Amino acid sequence: MFFHVKELQYQAKPDRPDAVYAKKLQEILGGQFGEISVMMQYLFQGWNCRGDQKYRDMLLDIGTEEIAHVEMLATMIAQLLDGAPVKEQEQAAQNPIILAAMGGMNPQHAIVSGLGAKPDDSMGYPWTSRYTIASGNLLADFRANFNAESQGRLQAVRLYEMTDDAGVRDMLSFLIARDAMHQNQWAAAIAELEAMEGLVVPNTFNRSQENQDVSYAFMNFSEGTESSQGRWASGTSMDGQGQFTYIENPEAMGQIPHLQTAPMYIHGTPPHPNQNPNQPLM
Amino acid sequence: MFFHVKELQYQAKPDRPDAVYAKKLQEILGGQFGEISVMMQYLFQGWNCRGDQKYRDMLLDIGTEEIAHVEMLATMIAQLLDGAPVKEQEQAAQNPIILAAMGGMNPQHAIVSGLGAKPDDSMGYPWTSRYTIASGNLLADFRANFNAESQGRLQAVRLYEMTDDAGVRDMLSFLIARDAMHQNQWAAAIAELEAMEGLVVPNTFNRSQENQDVSYAFMNFSEGTESSQGRWASGTSMDGQGQFTYIENPEAMGQIPHLQTAPMYIHGTPPHPNQNPNQPLM
Amino acid sequence: MFFHVKELQYQAKPDRPDAVYAKKLQEILGGQFGEISVMMQYLFQGWNCRGDQKYRDMLLDIGTEEIAHVEMLATMIAQLLDGAPVKEQEQAAQNPIILAAMGGMNPQHAIVSGLGAKPDDSMGYPWTSRYTIASGNLLADFRANFNAESQGRLQAVRLYEMTDDAGVRDMLSFLIARDAMHQNQWAAAIAELEAMEGLVVPNTFNRSQENQDVSYAFMNFSEGTESSQGRWASGTSMDGQGQFTYIENPEAMGQIPHLQTAPMYIHGTPPHPNQNPNQPLM
Amino acid sequence: MFFHVKELQYQAKPDRPDAVYAKKLQEILGGQFGEISVMMQYLFQGWNCRGDQKYRDMLLDIGTEEIAHVEMLATMIAQLLDGAPVKEQEQAAQNPIILAAMGGMNPQHAIVSGLGAKPDDSMGYPWTSRYTIASGNLLADFRANFNAESQGRLQAVRLYEMTDDAGVRDMLSFLIARDAMHQNQWAAAIAELEAMEGLVVPNTFNRSQENQDVSYAFMNFSEGTESSQGRWASGTSMDGQGQFTYIENPEAMGQIPHLQTAPMYIHGTPPHPNQNPNQPLM
Amino acid sequence: MFFHVKELQYQAKPDRPDAVYAKKLQEILGGQFGEISVMMQYLFQGWNCRGDQKYRDMLLDIGTEEIAHVEMLATMIAQLLDGAPVKEQEQAAQNPIILAAMGGMNPQHAIVSGLGAKPDDSMGYPWTSRYTIASGNLLADFRANFNAESQGRLQAVRLYEMTDDAGVRDMLSFLIARDAMHQNQWAAAIAELEAMEGLVVPNTFNRSQENQDVSYAFMNFSEGTESSQGRWASGTSMDGQGQFTYIENPEAMGQIPHLQTAPMYIHGTPPHPNQNPNQPLM
Amino acid sequence: MFFHVKELQYQAKPDRPDAVYAKKLQEILGGQFGEISVMMQYLFQGWNCRGDQKYRDMLLDIGTEEIAHVEMLATMIAQLLDGAPVKEQEQAAQNPIILAAMGGMNPQHAIVSGLGAKPDDSMGYPWTSRYTIASGNLLADFRANFNAESQGRLQAVRLYEMTDDAGVRDMLSFLIARDAMHQNQWAAAIAELEAMEGLVVPNTFNRSQENQDVSYAFMNFSEGTESSQGRWASGTSMDGQGQFTYIENPEAMGQIPHLQTAPMYIHGTPPHPNQNPNQPLM
């Protein structure tokens, strides 16, 4: 169960309205790596957690914090939309600056949400729960989380570069710091689990059942061998259980496929190439 | 530019048709962590790569291999659909086994694709390019890839458990091994980049610009302190640049939001609570 | 900002696992009128609220409660999936009851979420933020909310009918009661605003600017006049400002459209019907 | 069955082309509350109607009218796109007004539809049938319809404010009037059904089966008690069957969830925290 | 503008309810090539038509007919859902036939639409306007229409095979006949336009501006030369303006890409491979 | 299995960056008729092919070529984004040309992909596999392919008109030529199959089972008879097996639908119009 307090987790006050920037800032609210995504991802991982209670508790801690980040961004966007220039079209036509601003706005910020934030990304694409990753395997999921915080901080930093508004930058400096913490956090949680489970997820599948001929082989399918220069192409494998090899000219190991003709009730391409077109088969 | 050879990378022959399993196997073809996703993700990361050529080459190596995995799965699914029981409804009604099989099929495998694979997941949801992650920052993206191979191997292992067909299991044992290799590969590539760039992505943002008061603080937003027992709650941070702290009772640092009334041309909720309903404002 | 307590708002314990029902119950978690929808809808209406603070507070009260409902449903679904029959296929083939159960499951509950709830509906379609309605006009939005609670209670009641599990029914009896309260709540809030603003949203548009010839006319576009028997076809209009009329044979009032030919650089259908196909136009 | 007449229901002639406005006007054609949505919603409610024939007839009357509204908007948009400035890029670079106009256009209006309307919203997001609400319960659905006409009129009014084109405004004044009528219509139909069925949907569920302890309680989950000042917090409930109460400090009534460990074949997080990573479990 | 008559275009009466088949039949109502798709496609092509009025009229004729087909299918599905076995779960568990039927149903037919048709496909995926093709070039679009009627008739025929219900088959025999007519119709319309415009769309682009070295060359990118045996590999081209050639070993004609490093404000992968991770670049 | 060579199939080098055009060019990369669509469509048709091997081979030839086209476009877009003006907002405000350019960019090109191509269309809508058509019936599918190349060439030509960049035009002149070849190719393949199978797809359905009364009748549902002037309204049908007729006043042949009341457990609209609202039915 949840409770709400009225204060934001951190100050979210722009120096001045900027409807064009409001459109861009939507990316880290409702985009693939926006705050709604991590909120939902951590909450669902927590609610579905069948592992140690400390992981459930930790996931719900951070998931609950992310709701507050959604709140901060929604509040910031609503303020960036204050007095958005949606009406004075005729005057705007005299002033290319205003006209360009109107062209750069998300029209749904005026027509649909009435100067409110939307749960969408910077191209107006709606947030979808397909962004939410929760597999029931915590090590797998913590890697998803580590990625999410990496992509999320990268996007926040890019948005920081795209504005000079001190109020917006102040809020972003908070979110960027939290993303740094969360990268550290997931790295720590991953290290803890890898110490117990090893590198390869899931570790509960008996590796003798996998085709071990190809478990450590890098295959060179793009001409040229620049790819042989990486750590992944030679030396002990990262899981400590094999040696990386580099296969310069990989060969096919499978059959040439020949599919059976479909049954007649499927009405696929008829199998008889010389049939009379005026005499259907059935 | 690309060339195709007719043989599959590895054998894809089921022992017998199984239309219900064909539906499930779609998950690792067209699902969020299916082969289409990694194919597109590695190709786009390669094509967009502005870094060292060895990374571009490596990405296109593995991206090209993944096209072959898509091919293997599509071929397998088409064979699992051979002779699917879509027609003999009346007989089926006498035989609950067949009837249940018909209920468990994906009807589009008969109606839409005519016993062919579809680029969809196991619930028939179409593959969407929103699954594709390519940010222009290789360290961020390699974490996405590491996650993708972790989730992908986990799903392949689960599907391995869900069938007794030796031919299907043989193909999965190959894919599971490749996913093990690819987890090792991305771990190696990440290690290489982290040695140069450090842990926190992006490393090119001056950290003095982030709000460093909260860069290493774990905040306890879910009552109870089980979450204090993890590596993330104390000790040196994983980036080696700070100390984790545990904030048991986090406090709000921001304002209580008060949004301005919208301009009249937005026709939001009218600001005057005592207005006469029969006298509109404008 | 938000805080989480570990107890659920209300008990969520099924009497026994039921993976087929788990699939169905997803509808009121991640469907169009599921708990995620109302959670997001009320929170965004609250965060975007530019009206009286009591509405903002009320919206955040109920939005925060809905997060707890999402949590209850996710917890229930995870328990309904305990021990889901995904593995013992061979034995199942002997037992049509188990086989049918396997056919009726959502395969992603095993392959993707590892026996956890998903933020999807009962057909596996992901929750999308296009379900979220927040217009900046509270009277309009409260009508959306009133509808959401009506559809939501209807679906919960249908799901109540579809199970005999006393634990599931107990939890649903709580949610159904809350939906009854929330229908009452939105009806009350609507009554309050309609007393101030009148019936027609938005009330701030000067009605002399609308085409008042058709502001109270019911038009009979489907042959037969059964539709004349309703309250909407005669008598004083509900806003008290007009008389309903019934137009039995509505007539077109507009032009027959004739669109201009497209400019040549659009390469639409060529305008010259007798042109020589071997002599392109430009 | 349907018949088409060539004249539009009402005049749809802009004074001059305006490709930027054409993009915005798409919202009420193909957006969530655009004319396609109400067309499909009323038609499906009519076709699925199992109630009194007068409701079926009325739904098909208005659903058929909405097809004509879609036609008017499509025709208007095509004309607004006449001579759209998509080609003369070089000249445009000299003229910021034209350049801004090109930036504000929907590029698909040129590339994809060749200066025709698209069944999309103002951000180019395609219309989806998930907008269509038809539950089989008319009172629930009429509330959905009442909301749709409220949101729809609000958006049409906002678009009216965003243009000075007298021809566009004339057409909008017609649509705005029809939306006023339709708000009145659904209010009338709701009143009729509520007189028979009462307020709470569905009324056919025995209310003794709901958890009546919470059927009239407002719960204060956001700190502060501004929300106690509304009609919903005290007095007789709107259904006349209870008294609203205000719970200032709501308490959790449910369990702390503890989920069972997943079966081994799910390969979730391993239950044994001290396991040796080099010795997988199976 | 449109009018509705109460009779269906053709009889739509199943012999008996069949909820499992109702799910399948949704494909030709709300699937990619279902009746909603052709309805919307023909109407939008008609409304956007800038060509000869006879094409506009013809498109609106057939678009209007397709609304009637949507109506027939919706009516049929509602009847197939009569008395759907959604409630008697306990009894069902005794009867595997009923249990399998419940597993094969679309649960939203009960929970969401209350035994009504949905504007979705057979996997419950919502109809999306991205299925609608209307380019402003009639010859291109008539090819889209010819394909739509081919796919549509194929699917209707497959559904005919999947039922023994004489009433359903009677309705399908009507739709299948109309699809045969419509294939003939689009073939006729295409022939008319090709006689004027030639084969290659658009014909208004000066072909000297295309790279004519490759305008008639078939390139063999998959090893083996079976593909040389087709009409497309030799002889006069279908547009009568060239000779097909077969390039057995196609060669790359372009550069090896080298992308510039991103500007620092993009925070892509840092260009300096030997940088100190503790010394960020800016 | 596939191999990659480093050179592009054809040169892809713009004369200068143009971030606004990069957004538009996305249409033929990730739009409905972009290169990803034809790549996936031809590959899946090939992999699912149950017909003559020459068709499988041909489909994989062209499918493999299309991967190279995706590569060319992605490379071109990345170069068009070089040095995109995303940062210098303040200076831009002084220069309306730059400001307009910033407004016309896709913000995700900076925030999400870091100046890389995205697998999306020109409105930022993600590519979806619902664009992929593969039915198992080659004649049907070749018509889909013929349409795809027609729409694709039309869009490429429009994009050619929208730029003056000689490098971009050079690449487009290659793609436009290939689209011309591919239109010829599909026309040839269709001619080959129609010679065997006849015009109507599928030809394996016994036409005596269709309702032949309406197999060649054009029905005039839009008032006015301009549509009678086409080839489709009179003369021998295109399949040579009937005579087109023109039905000027089509009449309904079906019933007026009357649906049964829903069972009580569905809680649809209650059947008893005079019930007491305070006495629910069950």
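To keep things simple, chains are lettered A, B, C, D, E and F as they appear, and every chain counts its residues starting from 1.
FYI, contacts are C-beta pairs under 8 Å (C-beta built on N, C-alpha and C of every residue); 3 or more make two chains touch, one makes a residue touch a chain.
Everything numeric here is computed off the predicted structure, so don't read it as measured data.
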| item | value |
| --- | --- |
| Set of chains whose contacts include both chain F and chain D | A, B, C, E |
| Of C-D and B-C, whichever chain pair has more C-beta contact pairs | C-D |
| Interface composition of copies chain B and chain E: same or different, split at half | different |
| Separation of mean Cα positions, chain F and chain A [Å, integer] | 27 |
| Cα-centroid distance, chain A relative to chain C, in whole angstrom | 26 |
| Junction residues of chain B - those touching two or more other chains | 1-9, 32, 47-48, 50, 53, 55, 57, 60-61, 64-65, 68, 75, 78, 86-87, 96, 100, 103-104, 110, 112, 114-115, 120, 123-126, 128, 130, 135-137, 139, 154, 157-158, 161, 202, 205, 207, 221-222, 224, 252, 254, 257, 259-260, 262, 265-268 |
| Arrangement of touching chains [line / ring / star / complete / other] | complete |
| List of chain C residues in touch with chain F within their complex | 154, 157-158, 161, 265-267 |
| Chain F-facing residues of chain B, complex | 1-9, 30, 36, 40, 43-44, 47-48, 50, 57, 60-61, 63-65, 67-68, 70-71, 74-75, 78, 112-120, 126-130, 132, 134-137 |
| Interface residues, chain C side, partner chain D - complex | 5-13, 32, 53-58, 60-62, 64-65, 68, 72, 75, 78-79, 82-83, 86-87, 110, 114-115, 125, 128, 130-131, 133, 135, 137, 139-140, 143-144, 146-147, 150-151, 153-154, 157, 160, 170, 173-174, 176-178, 180-181, 183-185, 187-189, 191-192, 199-202, 205, 207, 209-222, 224-227, 229-232, 237-239, 242, 244, 250, 252-257, 259-260, 262-263, 265-268 |
| Of chain D, residues touching chain F in the complex | 1-6, 47-53, 55, 86-87, 89-90, 93, 96, 99-100, 102-104, 106-108, 110-112, 114, 120, 123-126, 135-139, 193-198, 202-207, 241 |
| Contact footprint of chain C on chain B as seen in their complex | 20, 23-24, 27, 31-32, 96-97, 100-101, 103-104, 121-125, 154-155, 158-159, 161-164, 221-224, 252, 254, 257-262, 264, 266-271, 273-275, 277-278, 280-282 |
